[in-house]
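In the two complexes below, chain A is the common chain; its partner is chain B in one and chain C in the other.
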Partner chain A sequence: MPILLILMLVLGAVGLFLALPGGRADLSRLGLLVLAIGAALLVAGLTQQLAGEPGQALFAGCSLVALLAALRVVTHRKPVYSALYFVLLVVAVSILLVRMQAEFVFGALLIVYAGAILVTYLFVIMLAQQARPAPYDTRSREPLWGCLAGFVLLTQVAAYVYRRPASEQAAVLPRVGGDAILNVATPLLTHYVVGLEIVGVLLLAALVGAIAIARRPAATADEGED
Partner chain B sequence: MLAAHLLVGALLFALGLVGFVTRRNLIIIFLCTEMMFQGIILNLVAFGRYPLEGPPTFDGQVFSLFLIAVAAAEAALGLALVVLLYRHRGTLDAGAWTTLRDE
Partner chain C sequence: MQDPVVFRVERILRSPWLIFGAGAVLAGALALALWLLFPLYKGLLADPFWFPILVMAIMLNLILSSTAICILAERKIAGFTQDRFGPNRVGFWGLLQPLADGLKFLLKEDIIPTQVDKPLFLLAPAMALIISLSGFAVIPWAGEVRWPWAPDTLVSTQVASLDIGVLYVLAVASLGVYGVVLAGYASNNKYAFYGGVRAAAQMISYELPLGLGLLCLLLTSGSLRLEEVVRQQAQSGMWYVFLHPLPFLLILVSSFAEANRVPFDLAEAEQELVGGFHTEYSSMKFALFFLAEYAHMITGSAVLVALFCGGWAPLPFSSWLADSTAWWALLIKLGAYLAKVAVCIGLFMLVRWTIPRFRFDQLMRIAWLSLVPVGIALVAGTATLTVLGLQRTWWACLGLNLVALLGMLWTAARSGRTVTGRQDDLPDIHVEPA
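And now, the complex of A and B:
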C-alpha cells in the first residue's frame, strides 16, 4: 500500500475533524481547505492509475466533485444545503457509472435518487425547518472518535485493495457490445427474476408501512408515554 | 481501473459512516446512509465492469438496481418514522430519543 495514500488519508481525517460542526468551530474553513487539497491530490493519484484508458478526465472530474459534495453533505450546518449537495453527489456518481457502461443504472439512479428520494427529503426538511440553526445541527457528537473510526476503516480497505501489485490487477477490457438496456434486462428478467418479484413485494410492504405510520395521529402515538 | 473505483466507493462509504456516527440531526443521519449506498453502487458496478478474471458481466448492475429499490423502501419508511418522531417531540435531535438505551 503506497505511503502517500496513508498520508492523504491522515490529512483527510484531520481535515474532517476540523470541518465537522462543533469540532473546532473557528477552524472549520481551514478544515474544508485541507479536505479539498487532500481530495484533489488523492484523485490526481487515482487518475494516474487509469493511464491508457479512455475517459480519464471524466473520472478525475466526477470523483473529485463526488468527494467534495460528500464532504459538504457531512459537514454542512444547514440540512437543506446538505440535501442539495447530496443531489450533486448523485449526479457525479451516476456520470461515473456511465463511464463504466452502466447507462441504465445511470438513468435509474438519477430518476429514483435525485428525482424522487431527495425531493422527499427536502419536503421533510422544510416541514421541520427551524427559524435559526438548531443546536443539534451546530454541534456534532464525538467528532474525534467518528473520524478515527472512518480513518481506520479506510486504511483497512485501502490496504486490502492494494495488496496486489498494480500489474496483477484487472486489465483494461473492451466495451461490451449490444444494446445497453438489453444487457441489463436479460440477467434481471431471467437469472434474477425471483429477486425482482421479491423487491416488488418489498416495495409494496414499504408503501403500506409508510402510509400506516404517517397516518397515525400524534395523539394516539402519545399513549403509553410519560 | 478497479482499484481506483473501489477506493472512491470506499471513501464515500467512510464519509457516510463518519456522518452517521457524528451528526445528530435524524434527517442528516438518513442522508448519510444513502451516501453509503452510493459508494456501494459504485463498487458493484466497478466489480462488474472490471472483473478479476473473465469477461465483464452485468450482474453488478442488476445488484445495484436491487439496491436502489431497497434504498427507496428504506427512505419511505425512515422518513415516515422521522415525521412521526418530529410530531411527537418537536425536535430532530437523535439524542432526544434515548428511552431504549441501556443505561
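And now, the complex of A and C:
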C-alpha cells in the first residue's frame, strides 16, 4: 500500500508539473494523461478503502471534484475559468465540511470565499481582460519548485495519515450535540476572545491601509469611476 | 378583413367557460387522484424523511408555476400603474397569457453567437436558475404538523432544518451573482459585459446592508434557525417588523438589489446597455434568466416574510395557532405564508412600475453612504439593547429605530448634499453653444 501511495503522489507531482503552463513545450496533454493515471489509482484506492461504507461515497466524490477543480485552478490558461474552478473547489470543500458537521464553517466559507472574494476576483479579472492572454497567465513562474514543495508536503501528510495507529484511524468523528452556531460562538467569544479582537483590529488596520494605498490624489479622480 | 376561423378560435379562447372549465376539470382530476391514491402516500406524509422531500417537490413546482402567474401579475400591475388594461387578449382576462409567453419562448430560435465563450455561455442561465431556486430549502412553510393517522410523529414542512438557516440564505444569495456575471462575460459583447460588471459591483455592495440588517434581527431572535425565528414571532404575536422597522427596510432594499429589480436593475438597463447581461440570449436561455429573476424575488420575499413578518403566523399581535399541529392549522398557516409572500411580491412589482431606475453612482452612494452607516449604527444600538436585556421590548426597539431615523435625517440635512443629481466629484460639463 505505501508503494501505491507514493506512486500516486509521484504521478500527481509529475503530472501537475507537465500540466502547468510552462511556456516552453506544450506538454499539458501528457501531464493530463499522467494525472489521469494518478486519479485512477486514487479512485481504485478509495473504492477499496471505502467499499463497505456507502456513506463515504459523498466524501470520495466531493474530494475528487475538489482535487480536479484545484488542478484546473492552477493549470487553466484563462483566468476567468481558473476563478470559476476555484468556486467549484470552495463548493466541494464546503460540502465536505457539512459532512463533518462544521456547518458554520460551511456557511462562512461559501459567503466569504465564493460569495465575496471570488466575485471580486472575477470582477477584477473581467476588468483586466485583454484580447490575448497575458504572459503571466500562459506560463507559471516556478513550476518545478512549486510541484516539488507540494509533493513534499503531501508526502508528509500521507505518511502521517498512513502511520496513525489503527485505533485512531477507526475513530469516527464524535457527534457533537447542540446548536452548531452556539458550539462555535461560545468558545470564540469566551476562551478566544482576545485572539478574535486582535484579528479584528488587524483586519481593520489592513482595511485602512488598503484604502490609503488605493486612494488616488483628488486631481486624477476624474479618470475612473469606482 | 377578419379571417372567420381566426375570429372563431379567438372567441373560443376568450370565453370564460374555456379557462374556468379547463381549470375545474384539472382541479377535479387532481383532487380525485389525490383522494383515490391517499392510502398510497399516507405513510409517506407521516414519515420524517419522506415528508420534506414531498414538500420540496410540491413547493418547487409551485414556485416554478407561480413564476408564470407572477409574470402575468407583473404585466397586469404594469397596466394598472400606467392606466391601461395590460394583457387581456389570450383567454379570459388574459389569463392564458403566461402559456402564450411560454410557447413563444419555446418556439423561438435558440441562437448561440459564434464568438461567445460557449461553455460559460451555456452555464450562465442554468447557474442563475439553480442558485435562485436553492434558497427555498430552509423556508419553514407551515411549521410542524401531526397527521391524524400517525399521532406520535411530528413532521416539519421545512425541507432542511439547518442550524445556520439564515447564513445558508446569505450564502446562496451571495452566489446568485455568478449567473449574471458569467452571462455578461461569456457573451463577448460590451453591453453584456458592462451589465455583468455592474451586477458584480452592485451585489458586493448590497450584501453589506443585507448582512447588517440580518445581524440586528439575529441579535433580537438569538437563533439562526428560520423555524425558530418564526416560532418566536408566532408565539409572542410581536412580528419583528414592528420591533425593527429600519432593519426591515434595509433588507427590503437590499433584496430589491439582490434580485436585480427596478430600481436596481442596472445590470440590464435597456436604455443604456441594450439589454445588459442577457443581450445575446434568446429563446429558452433568456427565459431561464427571466424565471431566475422571479424565483429570486419569491425566495427573497419568503425569507423576508419568515424573518420579519411572522412567517406562517396568521394574525399579528396574537398567538393564534402558534402551538397547533393539527392538519387544518397546517392549511391555514400555509395559506397565511403564501398570502404574505404574494403581498410582498405585489409590493416588489408596484415599486418596479413606480420608481425610476437609479444611476450607477446613485446606487453606490445609497449603499455605501446611507445604508451601511445606518446599518452599523443599528447593529451597535441593538447590541447595546441586547446587553441591557431589552432586545425584545417594543418601546426600546422602536425608540432605537426612531433615534436612528432622526439621526439619519439630521445628518442628511446637515451635510447639505443632494441625494440625487449629478455625481459631484466629476468636473462640470461645458457645452459649447451651437
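One rule holds in what follows: the second predicted complex is superposed on the first by the 182 of 226 C-alpha atoms of A that agree within 3 Å, B and C clash if a C-alpha of one lies under 4 Å from a C-alpha of the other, contacts with A are read in each partner's own complex, and residues count from 1 in each chain.
The rule we apply is simple: contacts are C-beta pairs under 8 Å (C-beta built on N, C-alpha and C of every residue); 3 or more make two chains touch, one makes a residue touch a chain.
Being a predicted model, the structure only gives us computed values, none of them experimental.
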Which of chain B and chain C A:V208 touches, first, second, both or neither | neither
Would you check which partner chain A:F59 touches, where first means chain B only, second means chain C only, and both and neither mean what they say?
-> first
Now for A:R141: first (chain B), second (chain C), both, or neither, which partner does it touch?
-> first
Which holds for A:F104: it touches chain B only (first), chain C only (second), both, or neither?
-> both
Looking at the overlay, does A:L67 come into contact with chain B only (first), chain C only (second), both, or neither?
-> first
Once the shared chain is lined up, is A:A114 touching chain B (first), chain C (second), both, or neither of them?
-> second
Kindly classify A:L127 by the partners it touches after superposition: chain B alone (first), chain C alone (second), both, or neither?
-> both
In the three-chain superposition, say which chain, chain B or chain C, touches more residues of chain A.
-> B
Applying the touch criterion given at the start, work out whether A:I181 contacts chain B, chain C, both or neither, answering first, second, both or neither.
-> second
Looking at the overlay, what does A:V193 touch: chain B (first), chain C (second), both, or neither?
-> neither
Chain A residues contacting chain B in one complex and chain C in the other 104, 108, 116, 120, 127, 221-222
Sort out for me which residues of chain A touch chain C in the complex.
-> 80-81, 84, 87, 103-104, 106-108, 110-111, 114-116, 119-120, 122-123, 126-127, 129, 179-181, 221-222, 225-226
Per the touch rule above, chain B residues touching chain A in the complex are 1-8, 10-19, 21-25, 27-28, 30-32, 34-35, 38, 41-42, 45-46, 48-52, 55-59, 61-62, 64-66, 68-77, 79-84, 86-88, 91-95
Contact set on chain A toward chain B in their complex | 16, 20-21, 42, 46-47, 49-50, 53, 59, 63, 66-67, 70-71, 73-74, 79, 82-83, 86, 89-90, 93, 96-97, 100-102, 104-105, 108-109, 112-113, 116-117, 120-121, 124-125, 127-128, 134-137, 139-143, 145-147, 149-151, 153-154, 157-158, 161-162, 166, 169-173, 176, 183-184, 186-188, 191-192, 195-196, 199, 202-203, 205-207, 209-211, 213-214, 216, 218, 221-222
Under the touch definition given earlier, write down the residues of chain C that touch chain A in their complex.
-> 117, 120, 162-164, 167-168, 170-171, 173-175, 177-178, 181-182, 184-185, 193, 196-197, 200-201, 203-204, 207, 223-224, 360-361, 364, 425-427
